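In what follows, structures are represented as structure tokens.
Common to both upcoming complexes is subunit A, partnered first by subunit B, then by subunit C.
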Partner chain A sequence: MRGRGELIVLLGAAILACAPLLFGVYWTNLLTQAIIFGGAALGLDILVGRTGMPSLGHGAFFGLAGYGVALGVTRWSWNPWLAAAFGILATIAIALAFAPLAVRARGLTFLTVMLAFGQVCWGLATRGGEFTGGENGLPGIRRPSLGLDFWDLDSPDGFYLFTLLVATILTLAIARLAASPVGLSLQGIRDNDRRMLALGYNVAARRVVAFVVAAAAGAVYGALSAFFNGFVGPGSLDWRLSAQLLLSVVIGGAGSLWGPFAAGGALHIVRTYLTGETQRWPMVLGALYVIAVLVLPGGIASIGGVLRRRWRRPRRQAALESAP
Partner chain B sequence: MTESALTVDNLTVRFGGIVALADVSLTVRAGSRHGILGPNGSGKTTLFNAITGMIMPQSGRVLLAGREITRLAPHARVSLGLARTFQITSLFPSLTARENVVLAALPALRRHRGAWRPAADREVAERADRLLTDLGLSHLADRPVVSLGYGEQRQLEIAVALATNPRVLLLDEPTAGLSAAETRTVVSLIQRLPADLTIVLIEHDLGVVFDLAEHLTVLAHGERIADGPARFVREDPIVKEVYLGG
Partner chain C sequence: MRFWIFQTLNGLTTGALLFFVASGLTVVFGLMRILNLAHGALFLFGGYVGLTVREETGSFLLALLAGAVAAGLLGLAIQQAFTRTLLRSPFNQVLLTLGIAFILGNAILWIWGGEPQRIRPPEALQRSREVFGVYYPVYRLFLIVLAGLAGVLLWLLWERSRLGAIVRACVDDRAIATAMGIRVDRVFAIVFTTGAALAGATGVLGAPVLGLSIGLEFDVLLLAVVVVVVGGIGSLTGAFVGSMAVGLLDAFAKAKFPELSYFTIFAPVILILLLRPTGLFGRALE
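This part shows the complex of A and B:
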């Protein structure tokens, strides 16, 4: 069963790897970002879908890692690899420090605690003066180099494939975690945390694990995003990014992993198109959310089951009617 | 004299002004089937909560196989071989029956910590499937709990408790709310449990109690009003008046 899941991830990665052969630069760049936002939504699903802790501040980890990268490369003139490691590890450290406090809250309280956390990060970035570049952010982030002649991360195709590689490794690792004793226990905690306590699980510690894993995934994709854009600004810490990630999880089907990935990627593509046409992206996002909840309460991931039931019902009725 | 699997010694539990248990004592012999009877609100579930550590008693002691466990955390008692079911079904609704059993079995097998190996590796999965098969529930293994009927959930509740590999099993009204046919299924399931497993059973259905329990303790208003072999307790005039007679 697990072998099959890994095979599907690898198959999906192989198909996506062909994209640069089929599409031009525009679509390759758009897909790079779609993978970044899809991957971040998949990571968030460990916390929201699997553990049952809806966060409206997850974008903070995405943005913090980006700022870490930007500071390393532009302010301190570090090697981009070192800056990436710094941005990601510093974000994980912040998540680890904040998690024990945050996971004491549940449900709506947790959601708003995370919103507040995100707003604090956004406030620090915008009021950081010269250091964070304030409202203007930090431009001029050089991309790292693999030192390979045939794989240039400064080219759209090269960076796309690198992003895909990172996303594949991370997705395999998260899927493996999800199927492990710790992963199963997260679902147990979501369903019935008191029973988990009685069975001998350290529920608080496992909530912290879920929180930090989701934050770490967010940080990796935040670093990738910073390199992709060559720039970070307060926009990467905007609460609307957190909302987009959370809605990706809900629309994709909380707990299903692949659903949030697909929804996260698709939402980014839709947003890119809409931003050209209209300024009403948040409204469209809200409408999509309402429609998804009404039509597909289990998210995109439940569409197979829903269609199967639709398909089966008329047939069963037909069988009943044809019976004597 | 046979050894005591579970001893409750002068246990008192108060909730504010309410005395839910008043100086209750009882001894459950190893391998016996021990029934707890009493009208609604007489403190039966509170007794289980205190034994399993979900409520701390104001005074008194709880001993498991001679070892004092009065102040131990609930999960520590689970690893010492104490398991319970709940009057209100307490399962993991979105998980399958097998996953419910696996989650309960992992701590007993000391395998609940890994983040990199599968939760249900062959050994764990086989164990879970054997348990479900033994209880006649194997056909439910891949069904999510939400899709199960109430009677099936009550049986799975027993399977989940057994998965922790207990020596003492506390059953809180295992047949409450079941149809006559479902009740018979659950009674025969309990009758088929291993003879060396000690079972304490709260039950309102007198037919079920007398089918299953050889020893009875009767509570009323948090006090123990009778205790002894089932056939004697049945004839006790006080019990007849307070409980059996209505």
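This part shows the complex of A and C:
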């Protein structure tokens, strides 16, 4: 079973890797961002879907890593690789410091604590004056170089493939974690945390693990996004980004991992298309959310089950009718 | 000294508006465990309806009434259409109510345009007068007094009336209340509609101070959610104390440390919730 899951991830990555051959620069860039947002949603699903802790502040980790990269490259003139490592590690350190406090809250309280955390980061970035660039953010982030002649990260195709590679590795790691005993214990905590406590599991520590894994994934994709755009602004810390990530998880089907990835990517593409097409895009997007809840309450990931039931019902009925 | 009085009054004004919005939100949440993220959009919708009525008829009172009725009816429609879906899972609530908020916000932009607007306060309250040695707009003083009155009225309704007793019973234990013959679905419809109407009226009341602009609905919503959770879910007292605390904190922080204005509101929130996860006046929910 586990081998099959990994095979599907690799197969999906292989198919996506062919995209630059088929599409132009526009679609390659769009897909790069779709993978970034899809991957961040997949990471968040460990916390929201698997562990049952809804966070409305996950964008903070995405944005913090971006700012870390931007500060390293533009303010301190570091090598982009060093800046990336700094941005990601600093974000993980912040998550690690905040997690033991945050996981004491549950449900809506946790959601609000994370919202407040995101707003604190956003507030500091917008009011940070010269240092963080304030409302204007920090432009001029150079992309790193792999030092290979055939793989240039400054080209759209090169960066797309690099993003895909990182996303594949990260997805494999997260899927393996989810299937491991630790990952399964997270589901146990979601379903009944008191019983898990009674069974002798350190529930708080496992919540911290889920929190930090989700934050680390967010940080990696935040760094990728900063390199992709060459720019970081307060928009990357806006609570709306957190909402978009949370909605991706819900629309995709909380806990299914692949659902949030698909929904996160699709949502970005749909949004980009709608923004270019009509001024009424928030209305269309809002309607999509409402329809999604009404038609697929279990998310995209439940579509197989829904179809199967639809398909099976007539057959069973037919069988009953034909029975003597 | 002037500075302190002036900022206290500013904080109380913000707190008053926040209380009107948060009280509806907290009771709906306490009653049905439904977090209505479209509450801010109802607030803005009421405000814009009030704007049109104020400009057409010239009457502030009519505008206030129209804003309340329009938002109330819309709230009732949402409640009737989606209650069953909302009760299915908390994730559905976030998705559905945020979707409605996006639709409503964009519809407002469509109907009234993107220009920031302002409702003129009632003619009788347009002056400033001296209180405690500072000159302060009468309209804002009126809002503070109104919040005090509304607080007392709501408290009486909550603690002393039959409807209040029924709602409290439902908040405490919905299953037992149902078994006692209380029609919880009707109570919920009444509470949701009242909360929406209150939000709509606040949109009109707040428009002379905050103005009306797209995006305001989410600024208000975020602060109201913070008030609800900090005050304690389902607690009107908590909503009142929380609103005033957030209002005052906001006023002083903006005046003293403008560069830290978000930090100073949300950092204490984190601290309070970590020390008391049920909020200041809340009890543990099952």
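What we mean here is this: the second predicted complex is superposed on the first by the 314 of 324 C-alpha atoms of A that agree within 3 Å, B and C clash if a C-alpha of one lies under 4 Å from a C-alpha of the other, contacts with A are read in each partner's own complex, and residues count from 1 in each chain.
Keep in mind that, in the parts below, a contact is a pair of C-beta atoms (placed from the backbone, for glycine too) under 8 Å apart; a residue touches a chain by one contact, two chains touch by 3 or more.
Computed from a predicted structure; not experimentally measured.
> Quick one: is A:230 in contact with subunit B, with subunit C, with both, or with neither? Answer first, second, both or neither.
neither
> Of the partners subunit B and subunit C, which touch A:209 in the superposed model: first, second, both, neither?
After superposing on A, A:209 lies in contact with subunit B but is clear of subunit C.
> One more residue to check, A:109. First (subunit B), second (subunit C), both or neither?
second
> State whether A:117 touches subunit B only (first), subunit C only (second), both chains, or neither.
The second partner, subunit C, only.
> Output check: A:5 vs subunit B and subunit C. Expected answer is one of first, second, both, neither. What do you get?
neither
> Who does A:192 touch here: subunit B (first), subunit C (second), both, or neither?
In the superposition, A:192 touches subunit B alone.
> Applying the document's definition of touch, where does A:183 land relative to subunit B and subunit C: first, second, both, or neither?
A:183 contacts subunit B only, not subunit C.
> Which partner reaches more residues of subunit A, subunit B or subunit C?
C
> Going by the contact definition given at the top, which residues of subunit A touch subunit B in one complex and subunit C in the other?
No residue sits in both footprints.
> List the residues on subunit A that touch subunit C in their complex, please.
54, 56, 101-102, 104-109, 112-113, 115-117, 119-120, 122-124, 126-127, 129, 239-240, 243, 246-247, 249-251, 254, 280-283, 285-290, 292-294, 297
> Which residues of subunit A touch subunit B in their complex?
2, 176-177, 179-185, 187-188, 190-192, 194-201, 209, 255
> Where on subunit C does subunit A make contact in their complex?
My answer: residues 29, 35, 85, 88-92, 94-96, 98-107, 110, 218, 222, 225-226, 229, 233, 258-263, 265-267, 269-270, 273-274, 277-279.
> Inside the complex, what are the residues of subunit B that reach subunit A?
52, 54, 74-76, 78-79, 90-95, 99, 102-104, 106-108, 111-120, 164
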